[in-house]
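Chain naming follows the written order as A, B, C, D, E and F, and within any one chain the residues start at number 1.
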Amino acid sequence: MMVRVILQNLTWQEVDALSREIVVVIPTGAVEQHGTHLPLVTDSLIAGRIAEEAEKRHSKDVLLTPCLWLGASAHHLGYSGTLSADFPTYQGAIKSVIESLVPHGFRKFVVVNGHGGNIDPIGVALRELKHTREELLLCNFCYFLQIQEQLAAILDGPDKGMHHADEAEASLVLHLSPQLVKKDKLRDDGLKPPVAGMVHNFKELSEEGSIGYASLATAEKGIRIFEAAVSALETTILALASGYRLTAYPAK
Amino acid sequence: MMVRVILQNLTWQEVDALSREIVVVIPTGAVEQHGTHLPLVTDSLIAGRIAEEAEKRHSKDVLLTPCLWLGASAHHLGYSGTLSADFPTYQGAIKSVIESLVPHGFRKFVVVNGHGGNIDPIGVALRELKHTREELLLCNFCYFLQIQEQLAAILDGPDKGMHHADEAEASLVLHLSPQLVKKDKLRDDGLKPPVAGMVHNFKELSEEGSIGYASLATAEKGIRIFEAAVSALETTILALASGYRLTAYPAK
Amino acid sequence: MMVRVILQNLTWQEVDALSREIVVVIPTGAVEQHGTHLPLVTDSLIAGRIAEEAEKRHSKDVLLTPCLWLGASAHHLGYSGTLSADFPTYQGAIKSVIESLVPHGFRKFVVVNGHGGNIDPIGVALRELKHTREELLLCNFCYFLQIQEQLAAILDGPDKGMHHADEAEASLVLHLSPQLVKKDKLRDDGLKPPVAGMVHNFKELSEEGSIGYASLATAEKGIRIFEAAVSALETTILALASGYRLTAYPAK
Amino acid sequence: MMVRVILQNLTWQEVDALSREIVVVIPTGAVEQHGTHLPLVTDSLIAGRIAEEAEKRHSKDVLLTPCLWLGASAHHLGYSGTLSADFPTYQGAIKSVIESLVPHGFRKFVVVNGHGGNIDPIGVALRELKHTREELLLCNFCYFLQIQEQLAAILDGPDKGMHHADEAEASLVLHLSPQLVKKDKLRDDGLKPPVAGMVHNFKELSEEGSIGYASLATAEKGIRIFEAAVSALETTILALASGYRLTAYPAK
Amino acid sequence: MMVRVILQNLTWQEVDALSREIVVVIPTGAVEQHGTHLPLVTDSLIAGRIAEEAEKRHSKDVLLTPCLWLGASAHHLGYSGTLSADFPTYQGAIKSVIESLVPHGFRKFVVVNGHGGNIDPIGVALRELKHTREELLLCNFCYFLQIQEQLAAILDGPDKGMHHADEAEASLVLHLSPQLVKKDKLRDDGLKPPVAGMVHNFKELSEEGSIGYASLATAEKGIRIFEAAVSALETTILALASGYRLTAYPAK
Amino acid sequence: MMVRVILQNLTWQEVDALSREIVVVIPTGAVEQHGTHLPLVTDSLIAGRIAEEAEKRHSKDVLLTPCLWLGASAHHLGYSGTLSADFPTYQGAIKSVIESLVPHGFRKFVVVNGHGGNIDPIGVALRELKHTREELLLCNFCYFLQIQEQLAAILDGPDKGMHHADEAEASLVLHLSPQLVKKDKLRDDGLKPPVAGMVHNFKELSEEGSIGYASLATAEKGIRIFEAAVSALETTILALASGYRLTAYPAK
C-alpha cells in the first residue's frame, strides 16, 4: 500500500496510477547566503519542509516533486557559496517540470516558494505556461506572502514583514534544523532604502548578509510560522484538488 | 532656454549637456483591453501622464523618455485589440533603454509602470542590469503599489485595492482623458480566485474584461489618485537625484 | 460615431467590431541622434505622422497602432541620448504586435518605417512571420525607399538619396514640427565610404551626426516629400484593403 | 569543528574560509522512469551517493553541492512521472552553479553524473565555460564511463555495458536504497538498434522502460560497482586537488 | 611557395604567417530551389566562384574561407530540396566565422553574397559585430546590388533587375557550370506584387520557382555579368587592403 | 539519366522525384588547426569524402547534402585560422538541414561526422529533433567511433585510439589529399590528462596542435581506415534504407 506520494520514490507505473485531479506540489528555494547565522540552504529547507508536511497530511491529493533548490539569487552572489541560476535557467526549470507532467495528464500545480528573489521569475514562468495551456491551474505560492497577517502577529521586532535571515527566517530554521543555526552569531542588521521599489544587490544592504532582528528568533516562533504556512498551503491544495471555484466580488 | 527635459525633443548635444545626476524617468504601460468602458491605452496613458507631470514639476532633476507602451499583456490577448510583447521582448525593451543611456553617463533610472502585468518582468530586467552594473540606482516604480494606503482611503467600493478597469482606474481616465471613457458602459464586474497566488488569463475572471466597481468612478477621485501617484514619484525622484541614502532599521 | 480608427483610443469591443479586411498600419522609427539640428525623435515623428495622415484619409481601411519608437540604432549610440533596442528585442516588438492581432482575425499589416537601420530587422521579422503564417499580407514600407524618384526631383543638393539628418529629413521636420529644429545649426556634413556595402558606426561618418546638405532644407520641400510619402502609403493601403492582386511580368 | 563540507549546510563565512584548491563536486542525475522495478530517482540517487561518499572520505579536498536532479530526459517523457529539462535549461543549471562559485575563487569542478542523457549537454556546458575561463579545471565525470572494465568483470548477463535500469543499475539501487526496488518486478527487457549511433526515444526500445538483465541484479554486485565508482572519483578528486599534471604520451 | 590563400588548405602556421592587413573574403549563398532549370546550388556556386576568382587575382590581399552555403531560404521551403537556416543560425554562422578570426588579428572582412534572402540577416549580423568591435572593416557585398548598372546594360528582357532564376542568374550558371542547367526547361515565369516592400513566400510568386526571362539566358551574358561582379569585388578588396579612406561629399 | 544523387546539383523537381525511403547523408566536420602537418580542412575533408564514397556506391539509397564544414571548435581557437561556430549555431545548422527536408517527406538522416568536438552538439541537436518528431530515423555517425576495432588493428603507435592530427588522421589525409600534407612536419606530440573526462582547450595539450604518433602515418594505412569507415557507413545506410529493425537482446 502506497501511503506517501513522493514522485522521486515512485516508479512510472505508480505515477501513472494516480488520479489526474491530484495537485502537483513543487517546492523551490535557493542555496544562498543567509547571514552569519543561517545556512545557505535556508530557503530550500523551509519551502521543502512546508511542502513535505502538506503532502504528509494530504497524500491523497498531493504529488510532491523534489525541491528546485537552485534559485534566482544573483543579488547574493557577493557572498561566498551563494549559487544562482540566471533567470532563463530558473524559469526554464520551473516550466520544464510542469511541461513534463502535463502530457502525462496532470494539470494542477502549486509552486511552493521560499525565496523572495524567485517570485518575479516564477510569475513570468507560470504566465508563459498559462498563455498557451489555458486549462492549467497554476499557483505561485510564496509562503511568507500567504501569511503576512500571522507573521505580523508572531514577530516581536519593530519590523513585521519577512526579511532576509531575520527573526522569522531564523525562527523557522531553529525549528526545522536547529543544528544548522550558529546561535552565537544571531544578529540584528541591515539598511533600508529611502523609497519603495529599489533594486539592490544585497551587499549594499548588509555587509554581513542579514536584515532585521534575528536576535529575537526562537524555535517556538518557528513552530507557529511553520504551522501557519503549512495551513495556508493545505487550503490552497484543497481548493485546487476539489472543484476549484471562482466567486463574485461582494455587492457594494 | 530649455525648460522641459523631454528626451525625444532634444538634440544629442542638449542631452549631452545635462547633469549626470539627473534621474531618467521611463514610463511604461500597456495597450490592452480595459473592459467595455476604458480605452486600450489606459495603462500607458496613466503612467505616461504621471511621469510627465513629475517631469514638469522637477525638470531640473528629470530626463523623461517616451512611454514603452507595448507591455506584457498575454493574459489579455483573449480580447480583440490587445497588444502584448512576449516577456524577453518586453524585458529587452526595458533593458535596452537603460543600457543605451549608461554609456552616456546616466546612472539613475525610475521605471514608472502603470500595468500590473509588467511588475514581474520589470523586476527581472532591472535585476539583470543591477547584477552587472552595481553602480546603477534602479527603481521599479509601479504607481498603484506606491499609494496603497491613499487608494484605500479614496475608494468607496468594498474592494480597496487596484484592479483592472475598476473604480480607481476608471476614475483616473475620467480625470486624464474623459472623452475616451464610455460612461454609459461603466460596470461592476469580475470573479475572484478562492486562494492567493493563482495565475489566470483574464477571460477566466471576466467575460467583459473588468473587475471591481467601475460604476463608482468619478473624475474627482481620479484627481486625488493622480496627485497621490505624482507625489510618490516626486519623492522617489528627489531621493535619487540628491544623495540617495540607506538608513538603519529602528532599534527594537 | 467613430470616425478615427486609432487602436489605442478604442475599447476592445470597438476593435472587435472592425472589418477583418482592414489594414493594420504600424508606424516605427527611432529615438536617435539626428545631428546638431534635429531632435532625437525625428524618425518616429516622420513615420508616425505619415501613418496618421494616411489613417485620417482612409479611416475605413486602416487600423492605426501606436508608434514603435524604440528602433535598432546601435550605430548611433556614440551620441548622447540615442536609445537603441538590440535586434532580437526590436524584431520581437514588430512580431509581437502582429502576433497579438492575428488571433483576433486581422491579417493585413503594413509597417511604416522612418529609420534606415530598421529595414533589415523588419525584413527578418516579417519573413519569420510569413514563414509560419502564409495567409498574412505583410509590407515592409520604408517611406524613403518608396519615393526615391520623387525625392531626387525635390532635392537641390548634389546627393539625391535620403541620408541621416540631411536636406530631406530636415525639410520634413521643418514642415512637421518646426519648433524642434535648431535652424541656426542646420549644416552640411558627412563622409562617404569608398565602396558600397560597408557597415559603419555613425561616428566614423560624422563627428556631429549628420550627412548631406541640411542647409538646403525648407519646410516647402518638407511638404512635398511628406505628400509623396503619404500618397505611396495610401496606394499600398488600398492595394491591400481591396483584393490584393499579383500580376504577370510584361511580355518580352 | 567542521568535519563535513556540504555546501548547503554551511554559512557563507564557512565557505569563504575554505581553501581555493578544494574540488567542487557537483552531483547530477535525473528523475526519470526506470522500468517497472526502479524508482524515478535512480540516477540522482546513485550520483548523489557516490559524490557524498567521496566527500566523506576526502572532506578536506571536497566541497559538495546539492544534486542537480532535473536532467535532460526528454527521451523518457513517454512514461508518466519523468521530469525533463530542455537542453538550454539543463546546460544553464550546470553553468550557473560553476559560474556562481568562480568569482568566489574556486576553480576546480567535477560534475558527477549518473544519467547517460546528461553526458552530451554537460560536455557542451563545460566546453562553453572552458572557452572563456581557461584557468578552470573541469571534469565531466560520468560514473559508468569511468568504470567500464570493472563493470564488465562484475556483471553476469551477456551484455557487459551499462544500460537503463539493467543488471548494473538495479544492483546499485538494491545496495543503496533497497526499499525503493520492486523486487518482484525485476525483469529482462529491451531492444537494440541494428547499427551504432542511432537516436531513439525510449518507448521505441522498451514498452516497460528497461533494457538488459535486471533479473540478475544483486545488492552484492551493487556494493562492488559502487565501490569502483567511488574509487574512480577519489582518484579524480586527488588528481585535481593536488597539482593536476599532464603527462607525455609513451615513446613508440 | 604558397601562391593561393585558401584558408581550408593551409595549416595554422601558414595562416599565422599572413599579413593582418589581408582581406578575409567569406562567400555565402544558398542551397535552394532555382526553378525547373537551375540547380539548388546556384547562389552558392555564383558567390563562391566570384570570391575564388578575386582571390586568384589578388592572392596577396585575400584570405578566402569556404562558402557558407546554408542560407536564409525559408521563403523557398515550399519546394523539395531547399535547405534553410533559421535567422539566428544563419546570422550566428556569419558572426562565428568573423569572431573566430578577430582574435587571430584579422580585421577586414567582405561577405560575398549571392542570395537576396541573405542581405537582411548579413546586415543584422555585421551590425551586431560592428557595435562591439569598432575597429573592424566589414562589407555586406551582395554581388548583384554592386553591379546594377552593368546588369541593366547586359540584360535583354523587359525587366532589368536581378530576379530569382532569371535571365541573369541562368546566364551565370550557363557560364560557370553549364552541365547543371536543364537547357530544355529554361522558362519565363513569375508574378509581381502590386506595391513595393511586400514579403512573400516564393510559391505565391511562381508555381515553378522562377521569375523573369530565363529563356533569354546565354553563357556569353554570364561571362559579362561574372566579370562585372569580380571586378566590383576587386575594387572593394583593394579599397580595404590598402588604407581604406572615407571622403567628403562633393560641394553643392 | 541521373546517376549521382548530390542534392546541390539537382533541381527541386529532381529532388521531388526521389523515393522518401532514401537516406539523407549530411557530412560535417570542421575547419580547425590540425598541427603543423595537416590542413585546417582535415575533418571536413575526411567526413565529406567518406560520405561521397558511400553515395557513389549506393546512389539509389542516398541523398547527399553539402558538408557542414563550420564545426564546434572553440577549443582550437588558440591557433590562427581555426573557425568555430558557437554551440547554438552549430546545433542550429544540423537541425535546420533536417527540418528543411522533413516537410518534403524525407525522414531518414545520417550525420557523418569527422570531428570529435561535434559529437556532443550533434547528440543534443538530434535528440531535440527526435523529441518532437518521433517518426524520424536519426543517426549520429562519427566515423572513428564506428571503427574503433579496425583502427586499433591498423595503427602501429602505442596509442590505439583516434587523436587529433595523429597517425590515423594523417594517414587519411595522405590518402585523400596528399598534396595538403606537410610531410616534413609530421610529428609525434601531445600531453595526456591524468584522469578521464577532463575538458581542455587544445593549447593545454599541445603547443603545436597535434597529439599522438603522426610520424607513423602512411597513405596505405589511410586507405584501410577510409575503407573501414565507408564500409561502416554503407552498413548504416542499408540498415536505414530498408526496413530498419530493432532486435531483442540475446538470451542470458
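To be clear about the criterion, a contact is a pair of C-beta atoms (placed from the backbone, for glycine too) under 8 Å apart; a residue touches a chain by one contact, two chains touch by 3 or more.
Not measured: the values here are computed from a predicted model.
Trainee: If we look at chain C and chain F, which chains touch each of them?
Mentor: Touches both chain C and chain F: E.
Trainee: Find the pair in C-E, A-D or E-F that has over half of its contact pairs, by residue number, in common with A-B.
Mentor: Interface equivalent to A-B, from the options C-E, A-D or E-F: C-E.
Trainee: Taking each chain's centre as the mean of its C-alpha atoms, which one ends up farthest from the centre of chain A?
Mentor: E
Trainee: Taking all residue numbers at the chain C/chain E interface, are over half used by both copies (same) or under half (different)?
Mentor: Same, since most residue numbers here occur in both copies.
Trainee: On a CA-centroid basis, which chain has its centre farthest from chain C's?
Mentor: D
Trainee: For chain B and chain C, let me know how many angstrom lie between their CA-based centres, rounded off.
Mentor: The answer is 28 Å.
Trainee: Chain B to chain D: how many Å between their CA centres?
Mentor: 48
Trainee: Give me the residues of chain D that touch two or more other chains.
Mentor: 77
Trainee: Which label fits the chain touch graph of this model best, line, ring, star, complete or other?
Mentor: Topology of touching chains reads as a ring, each chain with two neighbours.
Trainee: Please report the chains around the ring in sequence, anchored at chain C, with chain E in second place.
Mentor: Listed around the ring from chain C, going to chain E first: C, E, F, D, A, B.
Trainee: Quick check: in the complex, which residue numbers of chain A touch chain B?
Mentor: Counting only chain A, the residues touching chain B are 72, 74-75, 77, 87, 117, 119-121, 123-124, 126-128, 130-131, 134, 137-142, 145-146, 156-159, 188, 190-201, 204-205, 211-213, 216, 235-236, 239-240, 244-252.
Trainee: Which residues of chain A touch chain D in their complex?
Mentor: Touch list, chain A to chain D: 7-16, 31, 33-41, 44, 65-66, 68-70, 77, 79-86, 88-89, 92-93, 95-97, 100-101, 103-105, 180, 182, 185, 209.
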